[in-house]
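So the structure is just underneath, and the comments pick up after that.
Going in written order, the chains are labelled A, B, C and D, and every chain counts its residues from 1.
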Amino acid sequence: MTGNTFGHSFRITTWGESHGRALGVVIDGTPAGLPIDEEDIQHDLNRRRPGQSRISTPRSEADHVEILSGVFEGRSTGTPISMLVYNKDTDPSAYDNIKDTPRPGHADYPYKMKYGMRDHRGGGRSSARETIGRVAAGAVARKLLRTAGIEIVSHVIELGGVRAKDMNMDLDTMRTIQDNVDKTIVRCADLNAAEEMIAQADAARQEGDSIGGIVETIVVGVPAGLGEPVFDKLDADIAKAMMSIGAVKGVEIGAGFKAAELKGSHMNDGFAVENGTVVTRTNNAGGILGGLSSGMPIICRCAVKPTPSISITQRSMDMKQMSEQDINIQGRHDPTIPPRMVPVAEAMMALVLADHMIRSGHIGPNTLLKG
Amino acid sequence: MTGNTFGHSFRITTWGESHGRALGVVIDGTPAGLPIDEEDIQHDLNRRRPGQSRISTPRSEADHVEILSGVFEGRSTGTPISMLVYNKDTDPSAYDNIKDTPRPGHADYPYKMKYGMRDHRGGGRSSARETIGRVAAGAVARKLLRTAGIEIVSHVIELGGVRAKDMNMDLDTMRTIQDNVDKTIVRCADLNAAEEMIAQADAARQEGDSIGGIVETIVVGVPAGLGEPVFDKLDADIAKAMMSIGAVKGVEIGAGFKAAELKGSHMNDGFAVENGTVVTRTNNAGGILGGLSSGMPIICRCAVKPTPSISITQRSMDMKQMSEQDINIQGRHDPTIPPRMVPVAEAMMALVLADHMIRSGHIGPNTLLKG
Amino acid sequence: MTGNTFGHSFRITTWGESHGRALGVVIDGTPAGLPIDEEDIQHDLNRRRPGQSRISTPRSEADHVEILSGVFEGRSTGTPISMLVYNKDTDPSAYDNIKDTPRPGHADYPYKMKYGMRDHRGGGRSSARETIGRVAAGAVARKLLRTAGIEIVSHVIELGGVRAKDMNMDLDTMRTIQDNVDKTIVRCADLNAAEEMIAQADAARQEGDSIGGIVETIVVGVPAGLGEPVFDKLDADIAKAMMSIGAVKGVEIGAGFKAAELKGSHMNDGFAVENGTVVTRTNNAGGILGGLSSGMPIICRCAVKPTPSISITQRSMDMKQMSEQDINIQGRHDPTIPPRMVPVAEAMMALVLADHMIRSGHIGPNTLLKG
Amino acid sequence: MTGNTFGHSFRITTWGESHGRALGVVIDGTPAGLPIDEEDIQHDLNRRRPGQSRISTPRSEADHVEILSGVFEGRSTGTPISMLVYNKDTDPSAYDNIKDTPRPGHADYPYKMKYGMRDHRGGGRSSARETIGRVAAGAVARKLLRTAGIEIVSHVIELGGVRAKDMNMDLDTMRTIQDNVDKTIVRCADLNAAEEMIAQADAARQEGDSIGGIVETIVVGVPAGLGEPVFDKLDADIAKAMMSIGAVKGVEIGAGFKAAELKGSHMNDGFAVENGTVVTRTNNAGGILGGLSSGMPIICRCAVKPTPSISITQRSMDMKQMSEQDINIQGRHDPTIPPRMVPVAEAMMALVLADHMIRSGHIGPNTLLKG
């Protein structure tokens, strides 16, 4: 019950199923006065849309967004912003064979156990199409954050075992990533690595198999001291946000799992004063200390499993007969998820930060307009 | 504001500072009828207590818990359970030199930026002593989960670069871990690896340095279908719970970051039917599919950074002067955190699961007593 | 921020403005398996629709509801139910003269103070049209409550100073009210009083003035022990729900304000045992003791102020000039609110009860279907 | 479950039972820098303490408050403030005869139905002693509100059928009330009416009976535009807060139930401009329009039922035998509640306003200290 809402002071509720009439989101908590139009939202939705390349599902959807409330004369009014996208290219018949036979790696089996029934068409609510609402809301959150000087970028740093070269994180690096990320279909800013990744994705597609990867998200411009001790820490909320994206199996901040192998004298980022500002020379903390932002760039990486829908025959069972049987998955699917997850990761990061910026008073909750 | 509460249907609020008068927790949502006495709570608190071994801080605290409400004639009444521990061995003078000089790797700097002031004694609220409330509440949650057949164990699987041998996760393995975990001061169930880990911790202590590690948490007995789509997924809530523990820099479920390198045909756990029950032969999912439990053991690993308090001189700055300066940290500290984090990780997992078990109706919210 | 959501375990978020593109609601928390179709919802919406009689606004709206998610093959799936109504008959020009001149008795002035701007067309978000979402969600809540034997009815017991005759509340009386309530345009079950009320409403309309009244809501079938001490008491949540309806200025339970004048020996409802069931001979408590249901009918009354939109010239001010000036309100409005508030009061009561029934486990949170 | 918390951005959790070891509260959300000492809290607790006069229960309790966390060097730190009062004068034996026999007008019966058991000593959690936590937290909230120029006063305006004379509400009147309210044991600012009220209370006490009354709460200094549409309206939250106080059966704002009898032309408060400020000449709205504050004084009245504990024999039943039987209530009790409810009503109003002032950014959530 009631798990479809995210956020405390900037709060979204998503709704909709893969093959239902529409999917959407209601945002509650946007201060009045933010310029918003449908093109802003559409731009981000287009980046997560299916059918963009040979490594994304051929489902043909324009995913045209409509803003139904909360915007008046081009600006947010402070009231809920409701947005939706109607489903057009639905083909439920492709899913008849999975009605009683759960797909390995998918939510089919536990959904049935929880609800006693399920909308099996394309995974229903557990489909990645649910992220339409997240991305639409994230577009608003990003506009809001930009008024406070915060910028977010995500990119693929590993795919099918191919790792992009390490980059020292600073504002210049961020600009390079922003420039490069959409240049290839794998959304890796290291264009050489991107070539290899594409080869891996093509190979997997031809084998009817799939590959996983790692998506990194970087944020610059966050003021020091953002976050709420002791449970609603900034990294705790980021971890929840990212882990709530289907296919994500791990989240790390800064040095992450490597921190387990470092000594304290190496891990700790010493302080320095630069142009009257407190900085750290290294950023193993990934911009977060004790759950609060340090003012350094926030760095988060998500491990993304390979697409669970593969063409290779797999072992499943018939839930009515309670007997084992093979399953062959039809329908349309991507051979790899990370490239299309890039705008979703950006959206989730934006939602967490917008929430904390309002919650902590850095952005006024009522209005952006001067008295 | 208001970040000190965790949970939806089984909800805890912790309070207290390292060198304040007391620390404690209020639990709201325990059904009536659960047998509870102070010894149950004390047992878990003793496992996180300082001064247990040469690798934990010598601060001498009995950490004696008192239950002040919510229990009548040995059973929970359904009303809030308030518990506290008075601080005894406080020595704030050791912290005078860090009043204006933030310790690298600690929350000192962002706390000051957020609140404009801070209780600098022993880290104040950002101290690991805050976990007293978590562990006390976790003890109640674990009792509650046991009424539903759920058991949780955490253990150290990596410390200072030493990795315990991999174990195939089943009920027998869990029993072995439970038997071994408290046999050594590093709480690693692989007793050979434990010896090496201890050597690493001793070496770090002698160098005035510290080491990190990985804590794994395993849960058996969770019914299939637990969790709430799409944001309050079981793995999303676990990720938040674990990342909210100080020093945790990464969280992964099942195959975790390795999933990024697997192919779908390897990652997917095929279904099987065993004694009339649905199982999977492998458990790369770590017991969670689409954010809901699959009925297989839940497996979660946390990357823990090395203790930020080290004796080696570090670079910091004076916040009043805004000038760089060295810092030498006095006070008492552990050379490594994971062994004492074991009961905290168990507690956080218990809190997440108790919350979801009540939220989903698996455990009745009002009472365990029969009508 | 984020005040547009109501409920804990059965949670609704409403959105939309009087003259925007649409209004709607997302319900999160409906268990799977509840039969739902658009006709169920439409029936309740038709009762709150404008243009039903000469004492309701002539705005012509079919208010046709569309269900966009959460229902599959005629049953709820446990996922969010999104519903909307497109606005058709909008005439914003009628509101040009109130752009900078707040209407007395309306939210115009404080909205402007809060948000720095406002959608002035028809009151924007503060319009009574916002209750479309409440009534649509309430229709689902009522269906859910009926599966547990709970029935709700509201009726007008006072209008323009005319009071309906007192009725002893029992199941028979409730049936009479249900039979009579929609027989007259004032929705008073006492048909004689209804005639007088209509006369009052007609007179007010002709004078360009408006009248207030009292709406009573009765619930039968609520099990004893419903509600959550100490803040989320059943009566506290009912009071909030009702007071959140525009124009409501008072809420009372059972004897209500008369209780202030009674002695304890009169007010207290003594217990009795009837057919093996605990009852009380009187019901001054209005079915709620210490914030929990007693098992007796719940009785709640709301004081509704006269419609603030009147044709008579009133005193206001120009917010830009900060100077006083007269205001003449055009647009379309009802001479009295209570008759159209009847379905809204029923909806709010249903929302509170559905929330508490799920929260307390009386209705399972996941599914109504048998394992 | 989890109903013991109140507030969104300034949040309290109360705990404790009438005859348990202690009662208390945790406040989460106080900005850093607020001067707080135990005397501030004790002052308000003394006003609700038992044994103050012949019309309050003779239970002898000093109700000495201890602040255990969240305050450092005399100022709030932004972390949770935990406060408690140990119970001293407990005499549970007086309650043996009500163990299985519910007291009419009390929560005994529904508590047993909800939880399957109950702490029957003095009503356990449903005792009015639970308000200790509310009043202690309210004292902090009031200090916080005073930094923003907001003042709150409650007084008894009706008791046992005796009504205080009406007063036009302005700042002078408020000062008079503040001066007079504690001059008599009935806390009525109209000292003539107070005499009559005392006579009524004495008579009721001698008869072993009890009387009810009305408590009015007035707030000045609230900025216009406070509150959150559409559910978390200021009046909706006030209604919930007040109705959550035991014995309150009705809540009204401004003209309240009288509004039902007024015409719109009378009810509406016309706007005026006075010294460059927007005011209304009348205040039938009670300072709240469309759920947001108007800038005029907030006026709220609560109907309080007569004390349910009376010495007169009443009809009850034996819950084990399911048979009717008489009950004679022993123990200690007040003949009337409103005088001791005055500080509780002030506290609840303060909690609502502190919450909304922070939520809306009028008071910064992190700190009161200048950068």
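Some notes on this structure:
The criterion applied here is as follows: a contact is a pair of C-beta atoms (placed from the backbone, for glycine too) under 8 Å apart; a residue touches a chain by one contact, two chains touch by 3 or more.
Worth saying up front: this structure is predicted, and the values here are computed from it rather than measured.
In terms of the distance between Cα centroids, chain D is separated most widely from A.
In terms of C-beta pairs in contact, the better-connected of the chain pairs A-D and C-D is C-D.
Our note on geometry: chain A versus chain C, Cα centroid distance of 39 Å, whole angstroms. Averaged Cα coordinates give chain A a centre that lies 45 Å from the centre of chain D. Averaging Cα coordinates per chain places chain C and chain D 26 Å apart. Shown for chain D are the residues in touch with two or more other chains, namely 1-5, 8-9, 14, 79, 114-115, 125, 225, 229, 359-360, 365-366. Here chain D touches chain B in the complex through residues 1-5, 7-11, 13-17, 20-24, 26, 28-29, 31-33, 66-70, 72, 75, 77-82, 84, 114-119, 124-125, 358, 365-367, 369-371, going by the rule given at the top.
Contacts from chain B toward chain C in the complex involve residues 9, 79, 225, 229, 359-361, 364-366.
Against chain A, in their complex, chain B makes its touches with residues 1-6, 8, 14, 102, 104-115, 125-126, 130, 158, 160-161, 204, 209-214, 223-233, 235-244, 246, 249-265, 267-273, 276, 278, 280-281, 284-286, 289-295, 303-310, 312, 314-317, 319, 322-324, 359-360.
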